[in-house]
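Look at the two complexes coming up: chain A is in both, with chain B in one and chain C in the other.
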Partner chain A sequence: MATSALSLEHVDAFYGDSHVLQDVSFELGEARMLGLLGRNGAGKSTCMNVGMGLLGARNGAIKVFGQPVTRLPPEQISASGVALVPQGRRIFRSLTVRENLVVAARKPGTAGRHAEWTIETIFEMFPRLQERASQMAAHLSGGEQQMLAIGRALMGNPRILLMDEPSEGLAPQIVAEVMATIRKLKESGLSIILVEQNPNLVFDVADDIVILNTGRVAVVSTPAALQKDDALLRQHLGVF
Partner chain B sequence: MTFWLLLSVNSITFGALLFLLAAGFSLIFGLMRIPNLTHGSLFMLGAYFGATFVNGMLGAYFDFWLAALMAAALVAVFGAVIERFLLRQLPGQPLAQVLVTLGISFMVADLCLMAWGGDPIAVATPPGLTGFVRIGPMVFPLYRIAVIGIAIVVGVALWLLLDRTRIGAMIRAGVDDPDMARVVGIRVSGLFTMVFALGAALAAFAGIIGGPILTVYPGIDQYMLPLALVVVILGGSGSLLGSVVGSMVIGFLYNFGQALFPELAYFVLFLPMLLVLLLRPQGLFGRFIP
Partner chain C sequence: MTARLAVFIIAIMALVTLPQWMHGVYYVNVASQILFYAVFALGLNVLAGYAGLVSLGHAGLFGISAYATGYMLNLGYSHSVAIATALSIGMVSMAIYAVLSLRATGIGFIMITLALGEIVWGLAYRWISITGGDNGINLHGRPEPFGIALTSPNAFYYAALIVFLIALAVMTVFVRSPLGAALMGTRDQPRRMTALGYHVWLIRFFACMLSGLLTSIAGILFVYYNQFISPQALDLTASAEVLLMVISGGAGTLLGPIVGSTLVVVVKSVVSGYIERWNFLLGAIFVAIVILMPEGLVPGTVRLWRAAFARRRPGPVVEATEKAS
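This part shows the complex of A and B:
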């Protein structure tokens, strides 16, 4: 595997007394896309929250390009080059579209090798956001909000992008647009973890796959290998 | 006619003073969800510090405006300390926050009584603003007109800060979704300390600006705090426009109530607050927070 961009090593995490991640280990290679799959409640979003510092890992280590970030708060993990497109989008509803982007602006990290994202380049990628730049974000459609959530994450000029169910609740045509954007981001050299309920979306774009089941890593594989193993998919995802 | 006009100017002046006090209270209450009952104490501390500097109680006499800025800066530091070392430890615990801030306000009142005694302290009107303005047959105290001007300048500055700057957008983002704000790299805790310090500075500034009108005396904190509360509840917490409107409404109700129905002055003052709480709990311009 290529250099590790983000790694979770033997991570345990809890919501109250509930042991939601149990000895979870996986690795996102640099400039690769890792698809994180699993049923509802498998721990996918928890992995994103732990990776971003929103939920502390009780045991284990999280590393960004080899540097431990396990105990760091989200703002410091963000500064180390990690960005999150959260489940449910969670845009700042009382800010305008432009303000949502401006507040997240950050110069690219020294180790970054990606083009610097600015409001202009975000608007080039999502012209609809430019049309609505002065509108309150709360008034955007679901698809536009998703574009804004992606744009906001990119404004941090991250090296690692965590995308938590970006297709959730969107019309098929908008999902296709979002996936096309994700493909472009991958081609730009970003290291991406893509969490999805729908494995077919992930198989199309991911290099590596991790399947979680009840808070544990159940499968580490590749899309090509998994697509041939219907029984495994049925066992862990309940599909095919 | 003269009576009504003078009463109106007094009402606007008092409203302007209330705005300076309540804008900070509203910012802290609305943006950070902290019911900061030390706000009256911050007003009183600003007034006492300012009076100390202006009246040469430390051996040197300071210019009124310099004294106002120094008092505001000192109280801002005090506010930042309260936020960082006390209220920061009680996130999402409004009852504990109320008790802590109430306790601090009593402690500050005791300390002020010990330091400055029980007698009222007069604060001279700043030189250059001691005269009167003649508008037609009417004569208005120049300082009161200046207080209105100061409130307008502060109001516009606050609006520009919150609505037209990146840091203002970051504060609003932190209020919308603190966790996501941190995820995009905003240091929310630092911003909130800044907001608290700014609110404290505004209260202190109002305290010394109000000095020549109200004088400074023990108990002025408990006199001003309920008025600021009514303004924020009426206008809506976190809303600058709400603070402006609320302050003016209360300024008029207070002055006209005292003049026309002195025995019912507080009834007239608090009745609108009760009605607003019943009919529109988020205030006239506040956002509904479930």
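This part shows the complex of A and C:
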């Protein structure tokens, strides 16, 4: 695997007394896409929250481009180049589309590999957002809200993008649009973790796959290898 | 020219010419009160409206700057020194308020600010050597900026109007700035703001300081207007009153606190001359606003206006043609 962009090493995380992540370890390679799969409650979103610092890891280490960030608050992890597209979009509903983007604007990370994302470049990628720039975000459709959530994360000029179920609740045509965007982002050199319930979406775009099962890493593989192993997919995801 | 700009120009012209068309000194004084209470409400609106932090102790800050002005003037200092000292003390007090109260949000924030406000009220009431206790502090004279004496009602009105317009301009710029958007982001989704790289506490602290600055300015105008300050000006009722101005007008809007302060001051100062039970009337108005326009008078009126406009709008031409054929 290429240089590690984000790594979780033997991470344990808890919600209260519930031990939700148990000795979880995986690596996201630089400029690669890692698909994180698993059933409901497997710990996928928790991994995203731990990677972003929104939930503290009780044991283990989290590293961003080799630098430990385990005990850092979310704002410092964000400053080191990590951005999250959260599950359920969670846009700022009382702000306009433009304000949602402005509020997330940051200069590019130290690695400086990626073109600087600005409102103009975001609008180029999502022309529909430009049409609705002055509208309150609450009035956007689900697909547009997802585009805004992705645009907002990109405005931080991240080096690592964590995407938590970006296709959730969207119509198939909109899902195709969102996935096309994700493909473009990958081609631009961003390191991406894509959390999904639907493995077919991930197999199309990911370089590496990690499957979580009840808070543990069950499988580390590649899409090509996994697609051939129906029994394994059935065992951990209940599909195929 | 857009309709919004036209309304703005007409409003400014009406305010500037108010002493000419408003007959009677009393009403000019009422207008001055509306202006400095509007500055006070704009200050509280930074927290209650844009930051989602409802304070029930802002009258304490208002009173601190008013007392500081009166105390310094009575010690023989000039107006400029008194005003600068009052602003400084007001800001330091706000910083202390913020450090203590920003440990919580929601009901916790309300209770801490309420407690701080009551502490300040208690000090004003009991620290007699500084505050004069229940007798308060009397002032003699108003400042003379650029040689213009503010002793007449008209002159004071214009001074209050200039301060009000500056405060409104500051708030307009702030609300439209990325920092203003960030503050609203911390109100809506503080957790998400941390994930976007923001230090939520610092943004809220900055909001507190801006709120404290506007509140201190309003306190100074208040004490110069009344030439007197007593503990009554900073009790819980005063804090609740300014909060009602913000909520009734529309929290989180620029015009809301101005409309709210106009409503409260007019009912207290003008309507009370005609109706003995004006408190009952004010309460009834607030209940009506909460029931009919829970978002406040300004956003509620906009909503009703849009609904009425949409209803009157004619249908598409194509549809009409099809029906005709």
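Assume the second predicted complex is superposed on the first by the 240 of 240 C-alpha atoms of A that agree within 3 Å, B and C clash if a C-alpha of one lies under 4 Å from a C-alpha of the other, contacts with A are read in each partner's own complex, and residues count from 1 in each chain.
Everything that follows uses one rule, which is that a contact is a pair of C-beta atoms (placed from the backbone, for glycine too) under 8 Å apart; a residue touches a chain by one contact, two chains touch by 3 or more.
The shown structure was predicted, so the numbers you read here are calculated from the model rather than taken from an experiment.
With chain A as the common reference, chain B cannot sit beside chain C without a clash.
In the superposition on chain A, A:Ala180 makes contact with neither chain B nor chain C.
Of the two partner chains, neither chain B nor chain C is touched by A:Ala225. In the superposition on chain A, contact is made by A:Glu99 with both chain B and chain C.
Judged by the touch definition given at the top, the superposed model places A:Ala171 against neither chain B nor chain C. By the touch criterion stated above, A:Leu84 is placed in contact with chain B and with chain C alike.
When the two structures are aligned on the shared chain, A:Pro74 is found in touch with chain B and with chain C. Within chain A, the residues touched by chain B in the first complex and by chain C in the second are 52-54, 73-75, 78-79, 83-84, 86, 90, 92-95, 99-100, 102-104, 106, 152, 156. Of all residues in chain A, only 52-54, 73-75, 78-79, 83-84, 86, 90, 92-95, 99-100, 102-106, 152, 156 touch chain C in the complex they form. The residues of chain B lying in touch with chain A in their complex are 166, 169-170, 172-173, 175-177, 179-188, 287.
If you check the complex, the residues on chain A that touch chain B are 52-54, 73-75, 78-79, 83-84, 86, 90, 92-95, 99-100, 102-104, 106, 152-153, 155-156.
On chain C, the positions that touch chain A within their shared complex are 178, 181-182, 184-185, 187-189, 191-192, 194-199, 252.
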